[in-house]
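Both complexes below contain chain A, partnered by chain B and then by chain C.
What follows is the complex of A and B.
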């Protein structure tokens, strides 16, 4: 490691300015504002209220609905994404003619704007004219109110999210799968292991770190889901698809309750940081141990 | 022997059925949007949806482009995404180099902040940045969006590039500086060309994130003529009427740049998406 010189600092100045103005100051703003009551629209003055904002937040049943929906959504969507990602990776593990192109096609959904993805699913979910209900009725099943029934709406958005993000799990698991040496499987086969045993005792343990990584990355990303709800259901029917980000958006930019919305923001940030402690530690070490 | 052969072909059959299903599952929603983008409104709203546009029309595209000025929308998305990408790459490459190469006071703090801001959800900064942009008179301008996208893509860029810089042996620049090159010359002439793939990955990811971004676009920009593509598209759903045809056409146009990227970048994508945690 070379020692400091003037260039070090000069190279860092732009980053430090961006950080101070666009992330450090904003975080301090969020922390401070969360102890005040302030409505941006009415231009009211900042009034110190201490923990009152938090108290109101924890007493608001809608906040807990949003909280519950977010957790349910994250757990189901992320597990499905990782499960299918693993299945896809096993299917595509062996190279074949055209496999590179087909893999690229399979990766496409995760690059698309979430809004565009939500729009095409909205068309397909349409009750009267949508293609999904058309196929269902074609095989004699009843049509489903995908987006307008409180029982289905959240799950319908889960399906959309799984469609978009399974490729992410697939890509990363596949990359790791292809680094497993082939002779491990060969010697297992020589010793009479079945395909399933090889998967259970060789593949899975070796993939465990990367599966955990994907679980983590998808969890923090899914935790902030907003775009798909905005287009597909607007948080409804009722509050069936209200999520934390949607809740903050509504408080902050429909009712302009700045103080209250920042309290909710800080709660979300704290949850995410707690979920991430292990990850932060490990990447921090790997960056610094050079 | 006979048994083995049988199970082998059964495996093959299962595998190819699986692959076929995966392709169908992936393609169909995109195909459905493409299909609807060439249909007249009456053909979209029909009891028996057709898998092909039997009376293909370009009316949706012309309505979108001529009446709704969608090319301006695409141009807005392009400006915001391209400029924020250039800024992120320029700043991130310098800083990542410094962080990878030198030990100095405050380095730990900067690294920690980089990791933390990578984890904070974008909603964290939306309220304070809104108020900041408001007092700077930047609300409803593209500058506001560019600054926001720089703010949350910069940590990602730095993180990714540190990993790329770390892979380059330090002896290379050391010998250059011994030969009398300044640190900046060593950086520009020797190191930068070697991290070109990392720079490319950072640029592509920043661009995609900015191009796809919705929340900030929705909140920071109100005038129709400045809106980015996702915001304009979401606006085609109103309480009374959804403009399915033009919306499908717009959806297709909004994903074209991504088609180009996906063909080039399978390799860089792995290290990019995991922030260098897994090498492609």
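What follows is the complex of A and C.
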């Protein structure tokens, strides 16, 4: 028995090393660096500044704009992705002619590299030559300044993100949907439940853990969105599409203010950890109450 | 049984450790090797700005490889990524790049950070006099007086492009002031279908700052005063921005996200009457394959207002990262690519902005590029952007607020006051 234990630990060594090198070390480094002021480009000495970096961060109005944009983006994008994912899953749950093919096609956006997606959408959003405005004007609607208007830009990126990641929600929800026993619906039908009632009292409660899981995964991922902003708008116009990661990128890789950028990074990590704990708790709760 | 298992574990550990140490060794051996005998099969990696400039470099490089046997790999990168990759590589002592292009406003930052190989020992008598003084000064740290750390590779300078056919048609003179520009643009918009009067390059950051600065200067503005205090919300700044907003109203929709490509396209596709542009990316106006306005575009110095116009210099410099393992071959390549013959060849290949006077006076080139005399004159009267290692932060911050004003998120004065406050914070760091 004791020997098995020892073996377990020995076999865990590679994983532990990887974990230490790739997760623990960078995290400790970031925590340390966040209390120092250091410009990486200038190669300046590490100067201990305590919480000054954090103080500057919380006083920077641009940080709060980035924070607000991130929250708006996450809330809208993630809820739309889960909503459409759920709708598609219900639609494709029944087998009809060609459903298998359509199902695979629906999954395609998820498989594309985000940069490719962003570049393609950038062309489609083009004001004068873009295909979206072409169709809008064709049916008599006004053309929209998708990426160059401060009111639209963030929403345009939401659309792109929803287009790409709805399939992810769809895939996971569909898998879970197919595990719901058919006899539940049959007995509901026998008892005279309507389609909506069956959905409301059978499907939704049984899907709750998996919906929470998708929400959780998408929230974490969307919180760190960077590539689409970088390609589509560069954070502009103004700071209409500047998110937290973009803010950190500017501080870290344009100004090379490493100390300050790590402080900002740590704040984002803390937010994500808090969100994760909340989600994980509710996922467990709903899974065990089943 | 247990012994067998233990032996297996030991074996695995030995394998892992050997691999780990072997990797460590091989890289340092490689480094040593390239240090000692750099003659054998040298390979230079050149980080270049993507677009016409990188294309022009790629077009001449095979010639060098043939002549010298030195292999040159040109890695082209977009504006932001170029600086990021090069700085990270130098600071991490990676040695991935032996040559790099640097936009001239960042020279003080690179100089102050001591990121480039000092070149005085390789050019004991300085650069030859054929190089434009204004361009050579940019490559010295400190500016003008210090040691040489980069050579001027592309002699970009801001110029004003306008459609001669439209001016003639509506009986208008070549604009001398920004008021004239606004008037002409209004006339064009009123009388022409599908032609806009102007196009601002409004993308946040470097693009909008470069595009707005000539107006700012023409209205008499200075970014930093003699005490290094920002003055971007001065009277001049406000008036310049008001004019800039008028010009935006006479521009195509969507200029808030316009950058080089969109400006070049709108000009060559005959969509706009006037723009500010840089010659290296608008060398195609007379190319019949890609331009609808062949022979219809002329260029001049940027218009003035209360002050004389100052052409903004924006050279692309060529430096050697400190982490390079091939400094001497890189210097040789530098000398070669900035030589008059190769500059001429690159100019013909479309990278139309040499840094040598003799190349601008070359007859063959003047037949292809009729704007060369104007470009040379602009370069000789050009002014550089403020020389401070903090420029990239100032530019990014200023550009953010300009973009917010342009897209209507902030009022002119409100935005400029905020920009000034933020820049003052940067300066006091």
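Please note the rule applied: the second predicted complex is superposed on the first by the 265 of 290 C-alpha atoms of A that agree within 3 Å, B and C clash if a C-alpha of one lies under 4 Å from a C-alpha of the other, contacts with A are read in each partner's own complex, and residues count from 1 in each chain.
Note that in this section a residue touches a chain if its C-beta (ideal position, glycine included) is under 8 Å from a C-beta of that chain, and two chains touch if they have at least 3 such contacts.
All figures in this text were calculated on a predicted structure; none of them were measured in a lab.
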First (chain B), second (chain C), both or neither touched by A:237: second
Touching partner for A:147 - first (chain B), second (chain C), both, neither: second
First, second, both or neither for A:7, with chain B first and chain C second: both
Broader residue contact with chain A after superposition on the shared chain, chain B or chain C: B
Touching partner for A:277 - first (chain B), second (chain C), both, neither: neither
Chain B versus chain C as contact partner of A:41, first or second or both or neither: second
First (chain B), second (chain C), both or neither touched by A:127: second
Which of chain B and chain C A:253 touches, first, second, both or neither: both
Shared contact residues on chain A - chain B and chain C: 3, 7, 40, 128, 253
In the complex with chain A, residue positions of chain B that touch it: 15, 18-19, 22-23, 25-27, 29-30, 32-33, 36, 44-49, 90-92, 94-95, 97-105, 108, 110-113, 115-117, 119-132, 147-148, 150-152, 154-155, 158-159, 162, 166, 170, 174, 183-184, 208, 211-212, 214-215, 218-219, 229-231, 233-234, 237, 242, 244, 247-248, 251, 254-255, 258-259, 261-263, 266, 269-270, 273-275, 277-280
Complex contact set, residues of chain C against chain A: 2, 5, 9, 80, 83-84, 87-88, 91, 109, 112-115, 202-205, 252-258, 389, 392-393, 396, 400-401, 403-404, 406-410
Complex interface listing, chain A residues touching chain C: 3, 7, 10, 40-43, 62, 126-128, 143, 145, 147-150, 233-240, 250, 253-256
Interface residues, chain A side, partner chain B - complex: 1-5, 7-9, 11-12, 14-16, 18-19, 21-27, 29-30, 33, 40, 87-88, 91-92, 100, 102-109, 111-117, 119-124, 128-131, 134, 163, 167-168, 171-172, 175-176, 210, 213, 217, 220, 223-224, 226-227, 230-231, 245, 248-249, 252-253, 258, 261-262, 265, 268-269, 272-273, 276, 279-280, 283-284, 287-288, 290
